[in-house]
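Next, two complexes with chain A in common: one pairs it with chain B, the other with chain C.
And now, the complex of A and B:
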């Protein structure tokens, strides 16, 4: 039914929220693993960090930031609906507003993350 | 114009699984999907089975999955759908035959929320008055026709059929916020169960599916707030 039903933007907002949540959970697992490497195998840990600093690694981090940002903004939208049920009449406008903030924050954020891999000034790390 | 009507057919006495069958049906833009289903049943295949009663959007008998979205077959017009129309039974419910689903579970959940006025106070000699504001409080949820379009459009219901579902919560809302009713606490206790209001994920499918344009998600969240306030 999930793929057969043509839900509206509300269902899309929920599906993105779930996908972003699973992506964040997967990254936390990866993060636990790489931090474990710092003690278990420092040489391999340095190699993993080098992968994170490469262009594909930084693009992955930008996607991670996008998932985090969407999950947070849509989470605020859901909290607002929970506290003020009358806002349900405007849930679409709230979703569109969260996308506006997403791009306003996300585009410069993604640039700052990816730029160092291209030799441009950005976030080192 | 000619419409390509696809119907998900299933006869438990003949078929192992549901399958799509196509019919070419002559229709006008103002014809409703119910007219098309009758055209097939009356002129092509009399075994096609579906529910209908008033045919005017009041009884709620003919809710179906039409072009991927729950709607009443008697309300949606060909001009709203185009020349390719698909019709399937409501999702998440056992199919009895063709477009008829078993509604027993749906109505059991409806009954579980005490969908009736409770007030054991002795009847007054005069009329029991209710202000316009008190009546307005639950006006939206009085419009429900129990078609099940909302409950069967809900991803939480598809994943967890024990979820009481939007329709039952809407019915509970109608009495919880009625100033004449005295059993709100009992209903809130019922809906505070793990299969109660907490399974709502605010996908708003119920709102877009409701043929009576009830703000179903808003009603669910109002009941949720009432439960929290009661325990707070």
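And now, the complex of A and C:
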């Protein structure tokens, strides 16, 4: 289903939503496990945390943030269109608007997440 | 038969379990729009992963009941939203016995995530409170 491209922004929006959703689900499994370690095995948790705070870890978190932000924005678009079908007339504008917000928030966000590992100026100086 | 909607999965026409799932996915999604985005912003922009050691979690982040309660609420929303979403994905690609077996594993995982997360959010180093 995912591979049979039917064209149009609706199909792309759906495919990205699904891919991001499955990725977020997989991260939830990992994240509940690592947070459980915080009390169960603090030493091991701190070692896992060091991986999250490393450069590869931060690049992964930037990708995670992108998946979360896209899934959240597109999900809001779906809810809006489902509950107010008359908005369908503006569905293309909503699609473009969600991408504008995605890049406006996502680019500085990704920079701030990765910056500390590269010694670049960020929120913590 | 389902009513076609312009954006999401068609809303089931008759009231029942599937209709409940349809609404629950959207309601938990709205809750997570606030909870999950706030959570990600707090852990990456207000604080930074480098300082979020086990000691930091129990002294600062989970030092009071409010954040533990909010995080537990987020866990419940996530378990509903992520696993009902995966249920839709699995049902789209698998049929018959494979679908049933995969869904059983999925529901078992959901239960484990809920239990493990609940234990985590109610714990202090050394194990669960009380």
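Simple rule for what comes next: the second predicted complex is superposed on the first by the 119 of 125 C-alpha atoms of A that agree within 3 Å, B and C clash if a C-alpha of one lies under 4 Å from a C-alpha of the other, contacts with A are read in each partner's own complex, and residues count from 1 in each chain.
Following the convention adopted for this analysis, a contact is a pair of C-beta atoms (placed from the backbone, for glycine too) under 8 Å apart; a residue touches a chain by one contact, two chains touch by 3 or more.
Note that the structure is a prediction, hence the values are computed from the model and not measured.
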**Asked** In the superposed model on chain A, is it clash or fit for chain B and chain C?
**Response** clash
**Asked** A:82 contacts which: chain B (first), chain C (second), both, neither?
**Response** both
**Item:** Which partner reaches more residues of chain A (counting touched residues only), chain B or chain C
**Value:** C
**Request:** Using the touch definition from the top, say if A:91 reaches chain B (first), chain C (second), both or neither.
**Result:** both
**Prompt:** Once the shared chain is lined up, is A:11 touching chain B (first), chain C (second), both, or neither of them?
**Reply:** first
**Asked** Overlap of the chain B and chain C footprints on chain A, residue-wise?
**Response** 1, 10, 78, 81-83, 85, 88, 91
**Item:** Footprint of chain C on chain A - complex, ascending
**Value:** 1, 10, 18, 21-22, 24-25, 28-29, 32-33, 35-36, 38-40, 42, 45-46, 49, 52-53, 57-58, 61, 65, 68-69, 72, 75-83, 85, 88, 91, 109, 112-113, 116, 123-124
**Prompt:** In the complex formed with chain B, which residues of chain A make contact?
**Reply:** 1-2, 4-11, 13-14, 78, 81-83, 85-86, 88-89, 91
**Item:** Interface residues, chain C side, partner chain A - complex
**Value:** 5-8, 11, 26, 29-30, 32-33, 36-37, 40, 44-45, 48-50, 52-55, 57-58, 75, 78, 82-83, 85-86, 89, 92-93, 109, 113, 116-117, 119-121, 123-128
**Message:** Under the stated contact criterion, what part of chain B meets chain A in this complex?
**Reply:** 65, 67-69, 88, 91-92, 153, 155, 158, 201-205, 207-208, 215, 217-219, 221-222, 224-225
